[in-house]
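In what follows, chain A forms one complex with chain B and a second complex with chain C.
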Partner chain A sequence: MGIARYVGGRLLFLVPQIIGIILVGFLLIKAVPGDPATLMLGPMATPESIAKLRGELGLDKPIPVQFFIYIDKLVHGDFGTSWQTTQPVLEDLKIRFPATLELVTYGLLTALLIGIPLGIVSAMRQRGFLGRLGDFYGLVAGALPDFWLALILIYVFYSLLSWVPSPIGRIDVMLVPPATITGFYTIDSLLEGDWTAFWSSVQHLILPVLTLGLINAGPILKMTQSTMERMLQADFCQYERLCGLPEELVMRHALRNSFPSVITIVSVLYGFLIGGAVLVEIVFSWGGAGQYAVQGVLNSDFNPVLGFVIFSALFSLVVYLIVDLIYLAIDPRIRH
Partner chain B sequence: MTMVLPQVDLPGGVPPPAERRAVGAKVKFALRYFIQLLRTHPAYAAGYIIIAVVTVVAVMAPLIAPFSPITADPSVYLQPPSLSHLFGTDATGMDVFSRVIFAPRIDLAIAMMGTLISAVIGTSIGAWVGYFQETRGLRSFLSNVVMRAADVLQAFPVFVFAIALVAVFGQSISSVVFAIAFVNIPIYLRLMRSQVLGIRRMRYVEAAYVCGMSDLFIIRRHIIPNAMAPVLAQLSVNIGWSVLLTAGLSFVGAGVRAPAPEWGSMIAMGFPNVMTGQWWPSVFPGLALALTVYGFALIGASIEFMADPRRRRTLANVRVPFAAVGE
Partner chain C sequence: MFVMAKPEICNEEGPRASKPPVIEVENLKVAYHVYGVAPLQALNGVSFGIGSGEILGLVGESGAGKTTLARAIMQVIPAPGKIEGGKITFMGTDLTAMKPEELAKRRGRDLAMIVANPRGELNPLLPIGKQIALVAQVHLGISRDRAMNMALEMLKAVAIPDPERRMRAYPHELSGGMAQRVVIGISLVCSPKFVISDDATSGLDVTVQAQILSLLRKLVKEQHTSMLYITRDIGVAANFCDRVAIIYRGEIVEEAPTAEFFANPIHPYGNLLLAAFAHDPTLRERWSASAPTDPEMTTPAVCLYADRCVRRRERCLRDHPELRNIAPKRQVRCHFPVER
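And now, the complex of A and B:
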């Protein structure tokens, strides 16, 4: 009961924020020079046909009216149409958002696999080699441009070693992608029992996931390391040591208490990467949502941009909500 | 609240001789302490060296570069690194080395300008918001509005937001500077606000208030100087991060345009060649970019170290002169 009320309150709080995001995005896009009607019809269009299309698109109305029309359509699930793909934006995003999500999710899991163990070990051996390695890795990972690291990985593993297929798209061009169930190719192909599609999508995932994993392990490592160090210095750990508990047990308790801050950084990264992985998407021609939005901005195709912004904002907000619920579950102090 | 208070002499103008000596001792101490820090933490020293080298090379680029950074020589396209072309040549026959050392002129200038603008605006607003948020009335209300606006801006995906801003203002260097400044403002706003919220409750702030100092004077004299350390650390890290963002924007074609020498667009131009095995047009600019960002990150880490009194104490060799501790 208490939890339902809490979630309800949080969701209510989201409404003004979402409207603010849509408003800012909308105004921003209206400020971009370039008339969509002219672009859609091409340079040979007559002024009459441009005026007609402007009327159909509602572009001849004042900006506040346009905004309310947009909101009204949104409420009915209409995100507008992209003139580049000639598809409704919602349909496009239904394919592209899971593509980004699949990439980012596996990337973050990889980052966790690298960052947490390294963070723990370097917190245990602060002055030793591993401690220094942890410090070094944390700073270097933050300094590497992800699109450049992706290129290096392509050069080594594709051009030199040919261990992976050509880094274009999510699956081999000769294969039929699995039917959309979750939108994750790896999961959908398994559900269909299509092993070739599964293997191909895994191969295409390796390099981009490795890129995101290596880079985002940096902040996770730093957070794990600093929290673990603080926990090991905390009174409860000192006391346990004084009582003669084995070091392993002390470590485990310190780790347990470090979880909340690690979860925080993961949630922040998750929200950030939906848009932040866009450069990696572009390098690997991933066809994800970020790439879709960037192409939209560059070609004055604005419905996809707004659609993406709304989707990713909603996603971040949902992730933050879930994280707060996880806090409730793992931190007894908050529950009371 | 109106109270008649005795006039207080404000420190200002030329400091009296005793105070000036104390200032001299403090500077000397800070310098000695700084050298000690670099000696015990060679990585920090490396950061300062990297940035110094990058800056000097960028300034001296016309003297160092063996070739013009924007002139293509089609007869020598895609040459591997050699003595005449240290980093090889790209697909149009431009010398990669010359372009790599000219690039920080654009990249660093954009990143520093953008970060400085956002820091000045962000910290001013942040100080104001932090100072007034817990009071009552219009100014508190405005502070809350500012914070909610910052929430909304930060919910935007940074990269798409920056590209859209560049699109709004037309593709030019000043648009990139503006976009970087704009997306960074909320960071400084929040940082400064949280600092100020803490400092505002300090006794010396209350004392100044009771003495009848104006809000503006208290913010300028007491709040901002005491809240600056984390901002400075953030500034350095943020410049590096802005270099990355500039390069990223240029990489997708929304920032600096080729043939202007810029690391991100160089990496993008070399991309098709990497696929076929000619790694040098992309790898060298990327290395320079990563090294520069790493240098700024190290400087940021060293400032953070200096600002943290607990970690400062670990530099045990430095004897703290009593004159410098008080204040």
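And now, the complex of A and C:
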């Protein structure tokens, strides 16, 4: 019940956090030059029609008033409309946000599968081949741009080897995407029992997921390696060796003590990649939330941008809450 | 060159002179090599033996090599340190020649170490009961449940209040004295033949220290465990140990049964240590006075204590003194031992 109260408190605290984020996002977007009315009506529009549209959009009102109008609509579930897609932003994001989330989640899982074992091994064999490999990998992964790696992977696995379908979108254009349940094509197609759609979406995921995984394994590897090295040298590990505990047990304990740092970097990466994977999304025409937001910024389409900010902020805050709960489960020292 | 120690105080079964000591250190040399600097000789041919059920106190100031000796016996010398010579015979086998896996099996089981700063040495994420049990489980090959039972028994033995509840406590929930008891529990859970205590109680309040020492002595004597008790506090050694050895700059300079040493210290450094604790200011002044300037120190002296010794003479600068017997069971490393 202590935990429940803690989670309740944290969830309650989300509200002011989100409002603050919306305020900052709103002001920053208004500070960007560019008038949506001019862009919407095109070069031939008369000043009168522009002024009329500005009035309809509420753009002639003072910024604080605009902000309160936006918040008021938001409370009623209205994120506004994107003039580019002419769709309600909420409807757009319901499809696009899960698209990005699916990509980023699998990408991060791949990064964990590469980064953590390599980090552990290189911490244990600092001077051995694997230790050097870990150092080298961390360096390279930090230096390579993800979109470049994506293009190389496309060249090798699509153009040369034809192992994967053409890198456009999340699923074969000839197939009907599964109905939105979770928004993850891989999961929704399985829920529908549609194996063709499942297989196609997996094939389309392989390269972008591999790109994100290979690049983001770098920081995870570095964090795992340095924390593990520190833990293996820590007094309690030395003491366990002194007590004659076998090395693999000492290593397991060191690993468990390293987990909080690794989880921290993973949570930071998770939140960051929602927007940070945008270049990979563009290369693979993914149609995700990052792409949506960038298009919005470029075309003074404010509502999608703000919608994206709210979605990713909520997502990050929930991820941090979960991370704090994991800390609580792992480390008895922070349970009060 | 070295007289085997006989247990004096605890010989319920009469003298055991025929029995070999549980642990015997012979001419142990350890140096720390740092690139570009002359190696630091931390231990300079240390020899001693400890009989079954005997407690040897090793007294010396910081930097004398006490911890290095403890770590050398356990074969866990920190990084640039290396054993450069000598033998450590533990129950008939030479520890310096042992394979690491073999050693790991004996460490914690047959020979154990009680560390200082126990809260920093315990795993912060495991309940203490589990930590004691793990050592028993690994070394004795017993089931988890039996190991947990042993851990509980151990917590009772080290007089931790409310042991059932404390089994599930984490290290950060313990006081320093309590954590010290847990570490003692871990070191004694497999009933080792030999235990090293490295300055283990120095961080505690005097009253807690007294409790823990009497507890430790009781447990050690019950299990017939031999013990090397390393301390900076000569007062503790007086009450706790059967024999004392004084170490100075990596050499043992005096070794004697406790009562005899405290009645009549022979080495000038031993006298200085005792005088430092004495309530007699004239005595303290006499032994802690600066060294005479008369035979002026030119070359590095060969007696390592010469630069501080109030009794320094010409010979001390030329001739390295050997540890020699000057009375039964009494050894001293000095050309001009104090006579009363």
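Criterion: the second predicted complex is superposed on the first by the 329 of 336 C-alpha atoms of A that agree within 3 Å, B and C clash if a C-alpha of one lies under 4 Å from a C-alpha of the other, contacts with A are read in each partner's own complex, and residues count from 1 in each chain.
Simple rule for what comes next: contacts are C-beta pairs under 8 Å (C-beta built on N, C-alpha and C of every residue); 3 or more make two chains touch, one makes a residue touch a chain.
Nothing here was measured: the structure is a model prediction, and the numbers come from that model.
K.L.:
In the superposed arrangement, which partner chain does A:P332 touch: chain B (first), chain C (second), both, or neither?
P.N.:
second
K.L.:
Touch check for A:H253: first (chain B), second (chain C), both, or neither?
P.N.:
Only chain C; A:H253 stays clear of chain B.
K.L.:
Does chain A have more residues touched by chain B or by chain C?
P.N.:
Result: the larger residue contact count on chain A belongs to B.
K.L.:
Counting only touches as set out at the top, which of chain B and chain C does A:M44 meet: first, second, both, neither?
P.N.:
The answer is neither, since A:M44 touches no partner chain.
K.L.:
Using the touch definition from the top, say if A:D235 reaches chain B (first), chain C (second), both or neither.
P.N.:
In the superposition, A:D235 touches chain C alone.
K.L.:
Would you sort A:I154 into first (chain B), second (chain C), both or neither based on which partner it touches?
P.N.:
The answer is first: A:I154 touches chain B but not chain C.
K.L.:
Which partner does A:L245 reach: the first (chain B), the second (chain C), both, or neither?
P.N.:
Only chain C; A:L245 stays clear of chain B.
K.L.:
Which partner chains sit in contact with A:V15 here, chain B, chain C, both or neither? Use first/second/both/neither.
P.N.:
Neither chain B nor chain C is touched by A:V15.
K.L.:
I'd like to know which partner A:G25 touches here: chain B for first, chain C for second, both or neither.
P.N.:
Once the two structures are laid over each other on A, A:G25 reaches chain B alone.
K.L.:
Which chain C residues qualify as touching chain A in the complex?
P.N.:
That would be residues 74, 76, 104-109, 112-113, 115, 117, 120-126, 134-135, 138-139, 170, 172-173, 186-187 of chain C.
K.L.:
For a test of understanding, state which residues of chain A touch chain B in their complex under the given definition.
P.N.:
16-17, 20-21, 24-25, 28-29, 31-33, 135-136, 139-140, 142-145, 147-148, 151-152, 154-155, 158-160, 166-167, 272, 274-276, 278-279, 282-283, 290, 293-294, 297-298, 300, 305, 308-309, 312-313, 316-317
K.L.:
Which positions of chain A touch chain C when the two form their complex?
P.N.:
235-236, 238-247, 249, 253, 256-257, 330-333
K.L.:
Per the contact definition, I'd like the list of chain B residues that touch chain A in the complex.
P.N.:
By the definition above, chain B touches chain A via 43, 148-149, 151-153, 155-161, 163-165, 167-168, 170, 240-241, 244, 247-248, 251-254, 264, 267, 270-271, 274-277, 279, 282-283, 286, 289-291, 293-294, 297-298, 301.
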